[in-house]
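Next come two complexes built around chain A: one with chain B, the other with chain C.
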Partner chain A sequence: MKWNTIFLIVCTMLGIFLIGCWNARELNELGISLVMGLDEEGDDILLTAEVVDPSFTQKDGGSVGQGGPVKYVQGTGCNVFEAFRDVVLKFDRRLFVSHNKVVIIGEDLAKNGVAEHIDELFRDREQRETAHVLIAKGAKAYEVMGISSGLESIPANYISNLIKNIKENPKAMDMNMIENLKHFYHEGHQSIMGVIEKRGIGQIDKMVEETDIQDYELSIIGSAIFDEGSLVGYLNGNDTKALNFIMDRIEGGIITFPTPDSALGSKSEFSSKHRELSSVVIINSKTKNDVKIKDGNVVLSTKIRLRGSIGEVVGNIDISKEENLKQMEKACSKSIEEGIKTAITKVQKQFGLDVFGYGLVFHRKYPKKWMGIKENWDQVFSKADFEVEVKTDIIRTGLINTPVIRKKER
Partner chain B sequence: MMISKKVDQNKLNISDIFHNTSDLIIHEFETNFGIRAIACYIEGLIDKNLMDRDVLKPLISGLNKPKNIKKIIFVSQVKEMDSMEDIATQLNYGKVALFFEGNNMGYTIELNQWEKRAVEEPNSGAVVRGPKEGFIEDIVTNKSLLRRKIRSSNLIFEDYTLGKQTNTQISLAYIKGIVNENVLKEVRKRLGGIDIDSILESGYIEELIEDSPLSLFTTVSNIEKPDVVAGKILEGRVAIFVDGTPHVLTVPRLIVEGFMTSEDYYLRPYFASFLRILRVISLILTIYLPGVFVALQLYHQEMIPTVLLISMAGAREGVPLPVVLETLLMIIVLSLIKESGLRLPKNFGSTVGIVGALILGESAVRAGIVSGVTIIIVSIVAISEFIIPEMVQSIALYRIIILLLGSFAGLYGITCGFMVITAQIVSIDSFGVPYLWPLAPMDWQGTKKDVFVRAPLWRNIFRPRAIERRNIKRQTPPWGK
Partner chain C sequence: MNNIGKKDRVSCYQVVLLITVYEVMTRLTYLSVASIPPANQDMWIVSLTSIPYIILFCSPLLYLGNRFNNLTLLGYANRIMGRILGKIIGIFYTIFLFIGLMLLLGVLVEILNSSLFPETPTYVTASIMLITCIYISYGGFKNMARLGEITIPFVIIMIFLFIALGYKNYDFKELLPVLKDSTYKQINAGAINIGIRFSEITILAMMTPYLEVREDLNRIFFRSLMYSMGISILIVVAVQLSLGIEFVKHINFPFLTFTRLLALGRDIQGFDSLYIISWIMGNVIKISGYLYFTTLALEEIIGRRNQDFIIPVSVIALILIILIKDRRPILAATRSMQRFMFILSVIAILIIPLIMLVAYFFRRNSLKQGKG
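And now, the complex of A and B:
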């Protein structure tokens, strides 16, 4: 009994001591990288990493240099791993990429095909597949890095907070690494990625009569469309919102639509001066995609069930009345339907690529037919008819019932 | 040795037995009726006033025959003895021995009185609500304190004398009908097996009778307060009183007793349950926090939230020692402060606190010798330890083992250590009761009533059934009538 116990303890402890201190790293040996940028420089890969200088957290020690408490390091190499190892000879701390929040890919690299370069980002044990991927629109990745016009002192937090805000306004695309990998493997779903764009700050400065555009801000509006791993084009904000609707990635945001005519008839006196547009705040939304075959033609169908609350009403309409609320719901649904139709038509005409993932639905529903059709699914998709059906339920009207500009009934 | 009829012979004999020790007083006197006599006692163990007033005065004035002694003196306990050795033993317990010329019997009279501490609030186990009295060094007082809690003829004390040199009085206390007879038998057997020269504190007994003497965890509780001992023996346990110490032992001990305080039962159930859970959390924190902290810093940096990681890395900038040594150093410093504060006179205690808090804490961070985060971690560990004082002895080493494992092998090592130590705890029995009861073997009834939460008293119908299976009903609940 006693010897058994000792034997057991020795065996267990042996397991611990045999592995020793393998791979132990002190925190002050690490260069914690928060953003990684990939670019193409000639035939080489240029890797830029935003490394945080942690001494800024110590109030009395450490000095915050220009551009916040971060440093940028670059390395070149014929592939990504080589570029990583190039950094080692220039930068004193080993890059620690587990805390990467964002991977930014330069437009040039994206156009020439990103798929062959991101293998390392999945294979390396340290890399995290939850990092968000953004395409630097019209720029090199390193050109957008370092811009931080928000309040966060670390630019990485600025970018990742922008991405978090997508749930307030789904006009941008939030794709992380693992979702990208899925898209690469899926048949019948071309990949899409988020976009990041550098633009000058102009609008705010007008308020203080300083017209010089010397500072930049970042914007993540829109999304990037890929054909087998190569960037082919961009979608604008509204189309991206429709894309998010179809892919069932809506977590919030608002829908704006023309205010329906009041059942009472008489128009407000303000109405001629303003476009009467009202908004609904999305509380939750559920999308169901389907593919049907009608008379030999493929019909794509999308059904959306949305619950919302009224966020703003411009126009003379008494929304305390049930029938008026129904009108609002209808108008809201119609607005979404139109947005989606526009987006699908545009993608069909302009790109001819199934970025919505209808191919996956088709694959699941008609697995046998899919075998014959999968090679040219994108052509089938671009010729397919589609039907969109949105059902909106407005369950709250906000704090007030009647619009502020509504005329008093006498 | 028989008692001689000659007083002078007895005097010689008793001096011989005590090897002419200076504190043995032999008083010779003669009664009015001409009987020579001697009174022997040990200085400081008897009440001299009583002796003069109630023993010597009536004897001298009225004793005509030694046989009439019980008619003449006004003392409750007078015993006739015929063996010199027995009488000598009795002298050690504060009795007075009387020998008379022409009588081959000795008489012992109980007059013991010695200096003892007043019954006051003990240092450990101070409570806000509940009785504040604590045991003292005198076993008779201690027994009476317990008797005052349980005024029942079922409360039984069994006296033993252990220690070949010290002849220390030991007393078992239990409640007939509630106590587990097997445990009682086992306790008697183990006490009977003790053959040691001295017993200076109940810790001696604890070490000599516990089940797993090499384990980090003790299987015997020690308690300083009569209400707690009363609560324990009312659950079927056996208490062991040892003369000369305010610490009373109770067996069997369950590990969950480490989370319990007497106050749990005096406070409102919700708050008491909150405290219980707090203690469980603090046990986990105080054992595992340094190890996990080091393991995360060395091996699993990806598990630390980014913002925390950056500020931790910032705190570590310029710290010369590896994080293991740094944490170990601070734990050792903490133990130093604690021990020195404990042993020093009270006046110096506060000085040590200031030195510890200001000089070692603040200045060490400022000087860049340790990082601020380590100080915070070690402080949390210290505070957590203080709210489970009963377990301090077990966890102090356990913590360092886990710390070293964490530094060698990260969370993997901590998991291995956890498994080995948990397996060890699970394997322990305390006097036949599984140490981890009611958690393992699982007893849901026991667990939900009085482990992590303290159920209201009217819900707590049964005594812990692991300790005694018969007669476990505490009360008939209102709905059971």
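And now, the complex of A and C:
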């Protein structure tokens, strides 16, 4: 009995300490991928991965490894997994994708349907459901990879930081894999994804050695609209901001609007000078969506409550006066309302797809009626009337009150 | 079982912990409520509605357990039904517990292979888990309960921690509309389906003679039911809010996927590893319990001490699990497996106890006079 116990203890201890050795993969055997691109090449899938080059050190200017801190590897296959395994015959390390921050999908692949190609990204335990998804606007995924016009030397960090900056400027869409899949499954809410676009940049420093990479920067402004998993179009930055407002995904950013011309005694509500635009910094925002049925017609309703701080005032207005501050609030609200109305109208007329999620609200409010119209909700949405109501509270004015240009009355 | 000494008995608190974690582990692994009607946003209501059904379905065994609190389930089956029928019932419950043991082991191996050791062969993962469980079972029920007293609070605290950390991912609108897309019939059908799977009542029925205060059986049952269902409903709601209903239906291990999304700030991630550790701890306790009570059932049928059966039963389980697991996934093929387990549970929890209850009422007087 005593020997049996000792035997069992030894086996248990060995088991605990050695089981991990079975699948052990040392760091020097892995190619750590940070960004993954998926494209369509004929009937095949082309996978591009940005892999960290551990031999690169910044201390000696990268002299140990050739090139930059990352390398790019590609593989093709009939599906994503085959493309992954194709890489191992060209690249000496096995791709390790647990650190993938971003998945970029080429426009061609997105147009032909993303949903059927993302199965592997959820089935494989190494993949992270929290990776951000972006559509390469007007390009292949590999065409936008490798560009880093920021201070980050690793392009993945550059893209990741751009996504992080969305909370400062919500003209872009931050959507990760799991959120995208949830939208895909939701009835009454078409999928949307962020976009990434390669843009040429004006040359500032003529002394900088010209390379292809340095001529470009990346922009993530806008968003991509999907119909049943296939890309159908894009929204611009302002429409994307409106979309973020309706989906209650605003964490910050600014609202720019025509400065009320109260000080000049103009009868018009807003200044005729279009250059006189002021900005409010969003502190927080709360959106409440509703759907009503009026005389048999569906009416979409959005109410937004926004708290902000004056960011910039261009124009002759004394915001230290209560009535002028109220005018600023009104102007800010009106600007948001117009932006949202423009976005809804555009989506209704151009795409006819409910990307805002009003269908979900309809389902919650009228569950029985939803059963009858859920199959053609997008048609109902595209013909629906809408109401937008924004209430702005400016709670801070910054370090100064009246604009610098205006002299204070005695 | 009359001769169980006071020093071998376990406290009410220890048994409540064991039964709670046994049930929570089932919910944590399968989230079966997502795959039974109505399988929509009302699935937490289905879980809640299942509580009265569980009480109803478990009441025959609970009643008999109170009447014969110095005997195990097999012991009073023998007394009520007679020698031959009692033995047949005993064999059925032994097979039932053994299938439970195999299923638990198979699922444990499947999760470990899917989440941590994809290339480790089944026999290695299963052997290591079984060796641990054999060691625990050899220690007897008292030691198992003591081990549970230390580890189960950790497992439960971890579950609460994960649920709290997932707050940022919650979309409370996933719960709406409430009771609009499901019918009364669907909710009740789902609740009955859940209720009939409360197989832990058979384990409790085997534990009864080990209780320090045997009269506490009802208290233990109700406490462990409330605790386990409370935690289970929290798990269902957290997963539903975080992943959405449709995606939950697609996932083999919903709570594992839920923990993969957790993050503290931008940098602290990888809570799934912590979950796997606590999940293994909970399951090792559960597998050890099933192994122990399978051998205890064999002790009552064959008449040899249960420790003699621990290694043979484990070896048979290991061989079978290797044969099954290397051919087919257990969790992906849920429909056939769930149907099979459902039928077994109906027989084990409802049909046999009801037959025994009827027989008890007919033979009550003769049993009192000691003729049984």
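Keep in mind that, in the parts below, the second predicted complex is superposed on the first by the 353 of 410 C-alpha atoms of A that agree within 3 Å, B and C clash if a C-alpha of one lies under 4 Å from a C-alpha of the other, contacts with A are read in each partner's own complex, and residues count from 1 in each chain.
Following the convention adopted for this analysis, a residue touches a chain if its C-beta (ideal position, glycine included) is under 8 Å from a C-beta of that chain, and two chains touch if they have at least 3 such contacts.
Values in this document were obtained by computation on a predicted structure and should not be read as measured data.
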{"item": "Touched partner set for A:E129, first chain B, second chain C, both or neither", "value": "second"}
{"item": "Contacts of A:C11 with chain B and chain C, given as first, second, both or neither", "value": "second"}
{"item": "Per-residue contact with chain A, leading partner among chain C and chain B", "value": "B"}
{"item": "Which superposed partner A:L360 touches (first chain B, second chain C, both, neither)", "value": "second"}
{"item": "Touched partner set for A:K182, first chain B, second chain C, both or neither", "value": "second"}
{"item": "Contacts of A:K369 with chain B and chain C, given as first, second, both or neither", "value": "neither"}
{"item": "Partner chain(s) touched by A:K288 [first = chain B, second = chain C, both, neither]", "value": "neither"}
{"item": "Touching both chain B and chain C, residues of chain A", "value": "5, 8-9, 12, 15-16, 19-20, 23, 128"}
{"item": "Chain A-touching residues of chain C, taken from the complex the two chains share", "value": "114-120, 124-125, 127-128, 131-132, 134-135, 138, 173, 176-177, 180-181, 243-247, 257, 260-261, 263, 269"}
{"item": "Chain B-touching residues of chain A, taken from the complex the two chains share", "value": "5, 8-9, 12-13, 15-17, 19-21, 23-28, 30, 32, 34, 52, 54-58, 61-62, 96, 98-99, 101, 126, 128, 154"}
{"item": "Interfacial residue positions of chain A with respect to chain C in the complex", "value": "5, 8-9, 11-12, 15-16, 19-20, 22-23, 125, 128-130, 178, 181-182, 185-186, 360, 363-365, 367-368"}
{"item": "Interface residues, chain B side, partner chain A - complex", "value": "297-299, 301-302, 306, 309-319, 322-323, 405, 407-410, 412-413, 416, 419-420, 423-424"}
